[in-house]
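Can you keep this structure in mind? I'll have questions shortly.
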Amino acid sequence: MEAIHVTSFIGYVYPNETVIAWTVLIVVYPYLTGLVAGASSVSVLYTGAGLKEFKPVSRLALLAAFAFMITVPIVLLSHLGHPERALGAMITPNFASAFSMFGYFAMLYSFILFLEIWFEFRVYNVLQARNSTGLKRLFYRTLTLFDNNISTEAQEFDHRWLRRIVIFSIIGAHGLHGYVCFVFSSLKSREWWSSELTIVIFVISAVVSGIAVVMLMYLVVSAFRKSRPDEACLRGLCFYLMIFSIFTLFLEGVEFISLVYKAKEGIELIMDYVMGPMFYRFFVVQFFIGAIVPLTILFWIWRAKPSGKKLIVATSTVSVLALIQVFMMRYNVVIGGQEISKTMRGYLEYQVPVFGLEGAVAAIGAIAFSLCLTYVLVKIFTIGFEDKDIVDDSESYSTDNTAEKT
Amino acid sequence: MKGKNKTPHYAVRLVVLILFAGITFFVGLRFFVPEGSKLTGSYDAESLLYIASAPVEYAGSKSCGASSCHDSLFKKWAKGAHGARDEQSKCEACHGPQGNHPGKIKKLPKVRGDGNVVELCLTCHREMKARSTTGQPQISPQEHPFPHKEVLICTQCHDPHSPGFDKPATAPVGATKNSTNNVEAPNGMSAGESLASSCFSCHGPKGRGGFAPVLAGQPLGALKDKLVKFRSGELKGAVMNPVASKMKDKEIEALAQYFSGL
Amino acid sequence: MDKWVNFPASVDSGDTHELGPDELGRRKFITQVLGSSLMLMALPTLASTLFKKGMSETERNLIKKEYLEKYCPPGYDPFAHRWAYGIDAYKCIGCNQCMTACKIENGLPGHPSINNRWIERYTKLAGDSHVHVDTCTDPANISVSDPDNFIYRFDDRYAEADVEYSFFVPKMCNHCEKPVCTQVCPKGATFQTPDGAVLVDEDRCIGCLYCKQACPYGARYLRPIPARADGVTRVAGKCTWCWHRITKGQEPACVGICPKKALIFGDLNDPNSDISLWIKEHGRELLVLKPDMGTRPSVKYIGINEEVR
């Protein structure tokens, strides 16, 4: 018999509720899909909307989104009681379930994202294949499907298709994240989850976390390479971060105020809970440290236009705080929802264990894994080449091609 | 411009690859649909057979009476306060699940849980504010009119199979203090026999087994040894410890001889 | 400029393609995104109308026949029954015998946090504005219980108190007519049989516990030990109305053991069954838990008040 982690409670809760079902891994899950949606939004600012100042982070954001997307199913599967049976949800999906289509949607979106990356980096992969030997060459040759065509026509073809893919990629990213949120908000049994505003808040805060994580990655990479990050790009990111943070804060405020004002059954309990065990997590960390403080800094960046070291310190602080805010929000939704009992007469006080599959270390490990994966993807796809390396070599291509055929 | 563009080779290869992988995956999935799911359109109907095949642990009171083994006890129960009413206190409520017991003769029914008879009775009979006041007698252990100063076991005065208030089934062992010096028995009964009558309420008539183990026909040495150990506390038993603690060596000898000779 | 930092941007051979920073391109992009998402949202509706196919009566009968012959326990016709459960809270004495029997019958651990059924005590003290509720997970009740031996008791904490009213309420899976748990199960591992019981397929459950989240009555849990010798752990568990017993003509273990006849089980299709007679007798007092959830529970109560959730 495996150990049963019983959570202490106050008031009256159903006996089975004292074992929390969805733990910190399920907090990481919507957090990661949010990062995917956010990062691909950043990428799209350049590739789709054509905002030039975001060119330096566009591709980093795209690869980061893919790395997070790969981590999502790993996190989800490791939380299941029987991960080996998970494919069954795709074999006999129960269409009534808000969860049954997740496998298909995640697969479809990962595929679109991969297609986007494939078209985006195809030319570079061809160049890599040409400049390397042995296994590495074989790897890049396979990645380019054994076709090293980088003629102007081919590049234009890539671009036409990339534009079409980007449209579906951005819809898919936010659709998937909204869908993950629907998994929570569609449950009528939990008052804390079942608000209609939850999906909107999730999608908008996803953009906040995406911008923050891409900005932080960009700053860290710059620091390691001892180069200056592009200031116009940082300022642009900060502006969008500010806009979306304001939206998040506003909507969260609306949701909370309407919950309190409607004062349905069990509001005394919810107030007790929010003012008790949730106070620090909700008001101090999520609202004050995570939202008010970064918003002040962002406003200052927007008005005072600092540059150099000041800007770097300010942006890195802001991005870390914004990431904490969004993580805390996911925590307060997922764990908080389960801590408020379905009896509306009591609440639980869940303590995240340090070790184990449900522990803090596993959650940090999952996030660290996605960051490492981003690094690996960046290494694979972009390292070593600049735009200037790309030349139209349609002549050599045609000779290559005939050589291959004979 | 569009007419000039030919579709590059890699694009054709990509489309072929995607179609191949997609079709393989979705066609492959179809092969894994269980037969039972094809029929119902959702769940695997085969699971019904599995769920229905779970072992039955609780056999029900009727099955105890149906066989001849517990005939007399069952009849007694069916006439008594626990069994005669519409609201029956079932055999397995006190004896625990016996669905598997008929197959294994050796495993005889005993009191469920840790064998604490007083707490077992109080499970239903303890006076509690939330309990309905009609039906089963409500007993406050502190106020229950004990005939003796010692803490007694409920079954010493009340036959669990046919409980009543007024006539204790047998005189408790502690009450026979005066006669214990005199091992000689009246009316030609052996000393063991007269003593043993107080054992019957738990161990069944003539020690043939009640909810406590069978005593009749057990080896003399084993019986003596058990009693001595119960007396010293070496063996633990919520009922037997207080009972044996008051016994003399002579009594143990007599009891053991009586039961081993049956 | 460092190569690693400056991620090479998309190939910009002039501004021949539409990837410009111009207002027009951005507007076009946003229109395209919105238009495509609208189209995508319309797709499921279109697909559902296209692929919805009706089933003829003969087809349905054929399926029913195969279902009965191949998959139903011999001699049991789930289409012929409609089970229901009644709980008479006036009679319940909180002896917890039903909980003990249930745990042993269904192979549950003794741990008080893993239950198919449990009993709650609602107590209103004079002068208090709210009721006090306690159950098997209450520390004081655990201290007088013996979970290892499947013995659960209520402590006598209100012996000295000025009690306005106090009563016991047995709780269990409500085997809803419109269950939320089967609605949310991603792969159909939990389902409703034609006789009304809501069951879990141990061999297919992935243990995501979405059903536990969805259940408004807190009736589900994750199995820490296998239910039987060939069972598995880490799947969702719940009350089955002892489906292995009712298909053999026996009553559920809890109903069989109840010393006060506070639990009533039977077939609604049979007008002389215990439950039909009971419903006929108490029809005007019948209540269900959380009716606002729209689940239409098959477990009916009498003798509870508005405080019971």
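We call the chains A, B and C, going by the order they appear; numbering starts again at 1 in every chain.
In this text, a residue touches a chain if its C-beta (ideal position, glycine included) is under 8 Å from a C-beta of that chain, and two chains touch if they have at least 3 such contacts.
Bear in mind the structure is a predicted one, so any value in this text is a computation, not a measurement.
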{"item": "Per-chain CA centroid nearest to the all-protein CA mean", "value": "C"}
{"item": "Of B-C and A-C, whichever chain pair has more C-beta contact pairs", "value": "A-C"}
{"item": "Length of the line joining the C-alpha centres of subunit A and subunit B, rounded to whole Å", "value": "56"}
{"item": "Approximate Å spacing (C-alpha centroids) for the pair subunit B, subunit C", "value": "30"}
{"item": "Inter-centroid spacing, subunit C versus subunit A (mean Cα positions, whole Å)", "value": "32"}
{"item": "Shared interface positions of subunit B, touching two or more other chains", "value": "34, 37, 42, 44"}
{"item": "Contacts with 2+ other chains: residues of subunit A", "value": "88, 91-92, 94, 156"}
{"item": "Multi-partner residues of subunit C (each touching 2 or more other chains)", "value": "188-189, 204"}
{"item": "Residues of subunit C that touch subunit B when the two form their complex", "value": "63, 66-67, 70-73, 76, 78, 90-97, 100-101, 104-106, 121-123, 146, 149-151, 153-154, 156, 158-159, 161, 163, 166-168, 188-191, 193, 199, 201-204, 227-228, 240, 243-245, 247-248, 250, 253, 256-257, 259-261"}
{"item": "Residues of subunit B defined as touching subunit A within the complex", "value": "4-11, 13-14, 17, 29, 32-34, 37, 42, 44"}
{"item": "Subunit A partner contacts - residues on subunit C that touch it in the complex", "value": "1-13, 16-22, 25-26, 29-30, 32-33, 36-37, 40, 109, 111-115, 118, 120, 132-137, 171, 180, 182-189, 204-210, 212-222, 224-225, 232-236, 293-294, 309"}
{"item": "Subunit A to subunit C touching residues, read off their complex", "value": "1-2, 4, 6, 9, 12-19, 21-22, 46-52, 55-60, 79-83, 85-86, 88-89, 91-94, 96-100, 102, 120, 123-124, 152, 155-156, 158-160, 162-163, 166-168, 170-171, 175, 183, 186-190, 221-222, 225, 227, 229, 338, 342-345, 378, 382-387, 390"}
{"item": "Partner subunit B, residues of subunit A touching it in the complex", "value": "87-88, 90-92, 94, 118, 122, 144-147, 149, 153-154, 156-157, 161, 401"}
